[in-house]
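Below is one structure, written out as structure tokens, with a few remarks after it.
Chains here go by letter, A, B, C, D, E and F, matching the order in which they are written, and residues are numbered from 1 within each.
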Amino acid sequence: MSKTQNQVRQSSLAHVVNELCKSEHGMLSWLARGGRLLPSRDQVVEAVEALRSVLYPGYFGVSEMTEENMRFHVGATLDRVLAALQEQIKRGLCFVCNHDSGPECPDCLERAAVITKEFLDRLPKIQHVLATDVQAAYLGDPAATSTDETIFCYPGILAVTYYRLAHELCTLGVPLIPRIITEHAHSLTGIDIHPGASIGERFFIDHGTGVVIGETCIIGRNVRIYQGVTLGAKSFPLDEHGNPIKGIERHPIVEDEVVIYSGATILGRVTIGRRSVIGGNVWITRDIPPGSTVTTSLS
Amino acid sequence: MSKTQNQVRQSSLAHVVNELCKSEHGMLSWLARGGRLLPSRDQVVEAVEALRSVLYPGYFGVSEMTEENMRFHVGATLDRVLAALQEQIKRGLCFVCNHDSGPECPDCLERAAVITKEFLDRLPKIQHVLATDVQAAYLGDPAATSTDETIFCYPGILAVTYYRLAHELCTLGVPLIPRIITEHAHSLTGIDIHPGASIGERFFIDHGTGVVIGETCIIGRNVRIYQGVTLGAKSFPLDEHGNPIKGIERHPIVEDEVVIYSGATILGRVTIGRRSVIGGNVWITRDIPPGSTVTTSLS
Amino acid sequence: MSKTQNQVRQSSLAHVVNELCKSEHGMLSWLARGGRLLPSRDQVVEAVEALRSVLYPGYFGVSEMTEENMRFHVGATLDRVLAALQEQIKRGLCFVCNHDSGPECPDCLERAAVITKEFLDRLPKIQHVLATDVQAAYLGDPAATSTDETIFCYPGILAVTYYRLAHELCTLGVPLIPRIITEHAHSLTGIDIHPGASIGERFFIDHGTGVVIGETCIIGRNVRIYQGVTLGAKSFPLDEHGNPIKGIERHPIVEDEVVIYSGATILGRVTIGRRSVIGGNVWITRDIPPGSTVTTSLS
Amino acid sequence: MSKTQNQVRQSSLAHVVNELCKSEHGMLSWLARGGRLLPSRDQVVEAVEALRSVLYPGYFGVSEMTEENMRFHVGATLDRVLAALQEQIKRGLCFVCNHDSGPECPDCLERAAVITKEFLDRLPKIQHVLATDVQAAYLGDPAATSTDETIFCYPGILAVTYYRLAHELCTLGVPLIPRIITEHAHSLTGIDIHPGASIGERFFIDHGTGVVIGETCIIGRNVRIYQGVTLGAKSFPLDEHGNPIKGIERHPIVEDEVVIYSGATILGRVTIGRRSVIGGNVWITRDIPPGSTVTTSLS
Amino acid sequence: MSKTQNQVRQSSLAHVVNELCKSEHGMLSWLARGGRLLPSRDQVVEAVEALRSVLYPGYFGVSEMTEENMRFHVGATLDRVLAALQEQIKRGLCFVCNHDSGPECPDCLERAAVITKEFLDRLPKIQHVLATDVQAAYLGDPAATSTDETIFCYPGILAVTYYRLAHELCTLGVPLIPRIITEHAHSLTGIDIHPGASIGERFFIDHGTGVVIGETCIIGRNVRIYQGVTLGAKSFPLDEHGNPIKGIERHPIVEDEVVIYSGATILGRVTIGRRSVIGGNVWITRDIPPGSTVTTSLS
Amino acid sequence: MSKTQNQVRQSSLAHVVNELCKSEHGMLSWLARGGRLLPSRDQVVEAVEALRSVLYPGYFGVSEMTEENMRFHVGATLDRVLAALQEQIKRGLCFVCNHDSGPECPDCLERAAVITKEFLDRLPKIQHVLATDVQAAYLGDPAATSTDETIFCYPGILAVTYYRLAHELCTLGVPLIPRIITEHAHSLTGIDIHPGASIGERFFIDHGTGVVIGETCIIGRNVRIYQGVTLGAKSFPLDEHGNPIKGIERHPIVEDEVVIYSGATILGRVTIGRRSVIGGNVWITRDIPPGSTVTTSLS
């Protein structure tokens, strides 16, 4: 019997597999880590979605939530999610560690346990801040009919929730995982908030698609921004090898109670003063004094 | 034997669970509804995806569709989806009802059944309008090679399909559910159409990411818009308590056969007259007479 | 016993099913293909996600990847994915073929097998180019801490990976499937690259939401672009029936080492000369000479 | 184009569907119940498997069980399972009720709620009896290395666990559901215990395949039986229409501390006296006095 | 960094894989079939479970079955299941065919299509016979409270349903698949009926564990048998090479209205005459005249 | 609003949870292990099913197996399954270990790695023996049409496959896991082989339901047994506390080329001599010399 077309195709299979598994072109840099496991994006995403269900008990996950059974469901979910998260935090730590303590790396495991415990302890505080964000969303959009609606439907609430969780992990020194979390929110909402940014309470992003908030941004309280707003870097200095210098403060400071309308672009380490209103499509690369209203000549 | 690190972590568990389940910070407002179930986002999304498969029979879901088996598959899917949708509509109605008829709320159940029946009866009409949208997509994009391609791939078609379903539920008085549907489309496509907006047939959005169409927009027939277009509100009046007044007509009217290019922003209750062409990145806050062409000075 | 509300609803079911299955309004154009199967979007998406896991071995999918087991996992995944992809390629070919060889269409099956074999052979080359894109992402963003982070998290890497796979299928003459692939990336990232576009190595898109790259674009090597950039068509000629003429070169040429900042819009068959820098929100519809810096008067 | 073979097949489809949906041959007797839902075997099975995980906390389901998190997991699982079980109990009640209160049948719903509450209250008692069964299994089999092993692996423990749950529902007056539960255990273990049988504590079935314990059996404490043992009815009287008369006491009484070896068959309302030993393959249809040893002449 | 224990283990991996994939010890006899696909046990099982749901509409699968939606669900399920079954029948045919028509084997494909069509046409007849079996189960067991209970719970009904489907495929000349079906029933119920056996209507097996009914059995109408009954072969002749001669009639004939009690063993091509009663644990290797009652001396 | 019936039920929830989590009745003996994880039955079952697919490449799992892709699929599956199995072996070891080395127990982890490596190395030998069992099944049953059919369908092959894997783990000193494996086979087939038994090559069990083979059985080569056969213990001595003494040789020795027909029971440490034939339903508690034929007087 002659060979099938599948069999013909498979004549190339072994060769192509060998090519794809060659380390010379740099796709296998993880091999240098000697068997330490890489984080799993799917596990991180599952964990953070479960965390959302305990921060907003009754809105996601179990549908028959009551005052009586709430603690059981929140406790069981939280216990499960923390075990999964601790494993991912450990992998994140091992991703950058220099420990010479073998592939299982007990040092990172122990640090992951400490961080996870601390993260758990901070969850009530995160929930309190999110409650102010929900309130801000309800007040900031005439189309919102209740705070529940904003929790259920508003992409801005989702993005800020994921950001606040990721930011807390960031301040606890967890590498990589926070960025995976915020990029998942970016994929779902089109809102791209770097977990390193600092954002005060009562923060509201409406519609949100195309919003970019850079790593070293500092945003005050009660700020409202709309779709397409960029809080970015103007340019970045290179080192002697032509590589970008990492970690320089290069994004805007937005003070309390500022409103930034859709499509506005603010670049560089500039300050938008308290209570300012930045109009749509405006392009700003300089400080704006408190109480200003900035609009384009076209509006 | 000493305690594991998991056990150490769990020493905080009970305390944090108690904190997260406190109602004082307003995250548990649903408790006031006395055991009535909240809508399930996952159920709504599953229902609307199944509805898409019956509106475009053969394109999604069952792959071996023929003239002979089509009615069986469409009928079985539709029956299943309507049972699920009715339950969600009932939860949506209970979300805002003031009935004092106990936690099962037979009043809302009955109204949900009537609405679901009416929604079912309107599906053929929705399909007819969507057929005109598909035709518009094919004619509106030189890269489209067939109407089938637009059904399979075009985010604009997906967003408009979900919008038309959500809008019909909106006009039938269903709370919350329509918004969950359009926000799901927003997440998939970056196109944010409020279900309250009114949009005529032969509507085409190309590329689409960043499009925002507000709650009180009125869009005529044969309109074409591109990515990044905002049809938004200019500002919104507050009541005596500083809260936004809900329900005011505050978004644009776009008349028949208008084209709006990428990045254009049109704000407030202004009218873009019939057959006008709005250029890219233009910022408009006033009426535009029929037949106008508006471009920025930069193009 | 009286009828339930479900039964009342179902009284309309048969009628609505008949309406939805009528072919007159053009929703059933696939019926003309005489039983040939349509592509399955889910199958294509699953295949391309598996391909990503073999192009970046160890980052996605199997988590305990080592030098020893890598070839087994890559080989098993590749074998499985190619069988699935060949079936979808065959359906894509049948989607447009005029073969009179019966519903199973052995001609398309054979061509699909040849294309799949050729596509397999090209995967190492695709991987090599992607390795340059990953390097470009790491160098192009001061916030990137390692190349691994860009592979894990950066939407730009995901969009370019899917584009390069889709583009290769495009050059092999596969209809429809490439577009399904890039639209899936569009949904996940907000980055809309037409598979027909031609893009050189070391390509980096940062943040990315709202980027549109049209069908006939030609982009050189080492180009970097930011969120909200449109490389689009200015307008398109209609034929004598008022339909757009398909396949005309109508999108920009971007030469090597160009940088285009966020929100810039470049329309029509214009050339952006080598090493030029295009500022944010700029609107361009004409050629730009090499080495230019273009900014708006507002910045 | 000619029809595919699938299409030829489908020419019979509509006709066969009509035949299968005819009610005349008695397959659609549920139609007489006017829309009341039938129990779902899958839901019942899922519920009873979850119940097993709370009766033996830590052995099935969640693997990282500790003293700290146990209550959360047991509580969350129990809450979920009871909601599902109540729905199935309600359907079981409606299966036989004559209420004229419409298709939703609030009477059965209320009774289901009362029964579910009572069943919940009895779970600790069921757990206590099961603990004696586990102890009996460990002591009764020289191959058992720990009580944990009997919980993990012994089909006898599984069958008795499901029986004790089903029996409790039986005594609470739930129709149909108890039988679904014991038949699921029968499928998994080959042990067929009717939920109506009465069985004392410290009961152990070793190996178990082929064991049959009939509806009206009464089994004392500390009884041990082996594979292939039948405790059945000898014959059953018919009524005037030739139908079997339901509910007559027709199965054996087995007193405390009896052992019955493999393949023994005991039929009819006979009594096996306390501390008797019944040898393998013995056939018994008469009373056996206490302390007897019965063997076949062949052994 | 030193190697992990996983890496040490993997040092054997390639060697063991090579050993396992050697064809010399006869585990790879399918290689001789030149790329033709083997049947998939999972697909067959899924198909036959779906068939059960259409033969007993409303009892398994869709729970909200009504007179109005029944035809849609039955039709959709049947269409789906037949497509899957046809593929498996084709693989079964190719399993034994000698066609030299290449690996896709269009001859077997065409025959599979004809068989599937014929099998579909016979389903109503199968349903009619099953309705008599259900009636027999209800009348044959005093513990049965309704015919619905026997459909839901009785392993005998499940085993006979799967047997009747498998037997019909058997008479249509399908290899392998019928045996996969009856062995699945064997696994679920402990009842092992060879698909080649011939069984009349109104057949009832009670409890059933351990029942064996051989390939060439002929069973009349209205027969009732209990657990542990064997209808087997006495011995089988060998050919000149010492291999068993296949296909000889070697199992019992059981005439109409016979009852066989638990544990009875009947071996060889003997005839149990009409209306006979065979007692428990009896061992029979000779003809029994009509109307006999056979019991062991022990009972 | 009044409370729902769910809420009433939940008033008992907290109390019942507390009762179920009390350790005094002995259900929580694992608590004494200080946080060490119990084995997961589901994980063990999944692993052993995957092992079956690599021992019989092409029959289970991947359906498009060819000579070219076989090694990739076998290698990838084997790598995955061994990682999972090693974890379960480690838990099994910790189940009985007395190490004082903390809850992670590196001693057991290391031993699990060594055992898993050794088990891997033995797989080819296991496959060779299974090939003789398959051959024996084909030759031993006139109804078998090919060796492939026995691999696909015969419960005897499944039970022996799982037994041989479990037995190898048993001889490597793994606690608990082997028993979980054979009890899974018991559930699927009704064949209960203790993993401690020793069984020679070319072993065939036909039909199999109800077969029991005890812990200390020794079975020679080319033995064939039928359904309902028990190779059990006659009785077992108790120690001074009335507990059974574990580990005594108490089951039969069956020499080469013995055949044991259905329902036969052989008890105690007796020897069935080479080439003997034991008839159906025979009861044996003494040595049988080689070449004997034993039948009941009833046959």
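Here is the rule we use: a contact is a pair of C-beta atoms (placed from the backbone, for glycine too) under 8 Å apart; a residue touches a chain by one contact, two chains touch by 3 or more.
What you see is a predicted model, and the numbers here were worked out from it, not measured in a lab.
Engineer: Between copies chain B and chain C, are the contact residues mostly the same numbers or mostly different, with half as the line?
Structural biologist: Different, since under half the interface numbering is common to both chains.
Engineer: Work out the mean Cα position per chain and let me know which chain is farthest from chain D.
Structural biologist: Ranked by distance of C-alpha centres from chain D, the top chain is C.
Engineer: Quick check: how many Å separate the C-alpha centres of chain A and chain F?
Structural biologist: Distance between chain centres: 48 Å.
Engineer: Please work out the Cα centroid separation of chain D and chain E, and write it as a whole number of Å.
Structural biologist: Roughly 25 Å, centre to centre.
Engineer: Touching at least two other chains at once: which residues of chain C meet that condition?
Structural biologist: 4, 6-7, 10, 13-14, 17, 35, 64, 66-67, 69, 71-72, 75, 78-79, 83, 190, 209-210, 228, 263, 281, 296
Engineer: Applying the document's contact rule, which stretches of chain A touch chain C when the two form their complex?
Structural biologist: Listed in rising order, the residues of chain A that touch chain C are 5-6, 8-10, 12-14, 16-21, 25-31, 35, 37-41, 95-96, 175-176, 179-180, 183, 186-187, 190, 192, 194, 196, 209-212, 214-215, 228, 230, 232-233, 236, 242-248, 250, 263, 265, 267, 281-283, 285, 296.
Engineer: Could you list, by residue number, the parts of chain F that touch chain E in their complex?
Structural biologist: 54-60, 63-67, 70-71, 74-75, 78-79, 82-83, 86, 109-110, 113, 116-117, 120-121, 123-124, 127-128, 130-131, 134-135, 139-149, 152-155, 188-190, 207, 209-210, 226-228, 262-263, 280-281, 296, 298-299
Engineer: Which residues, counting only chain A, touch chain F once they are in their complex?
Structural biologist: 4, 6-7, 10-11, 13-14, 17, 64, 66-69, 72
Engineer: Any idea which chain D residues touch chain A in the complex?
Structural biologist: So the residues of chain D in touch with chain A come to 62, 64, 69, 71-73, 75-80, 83.
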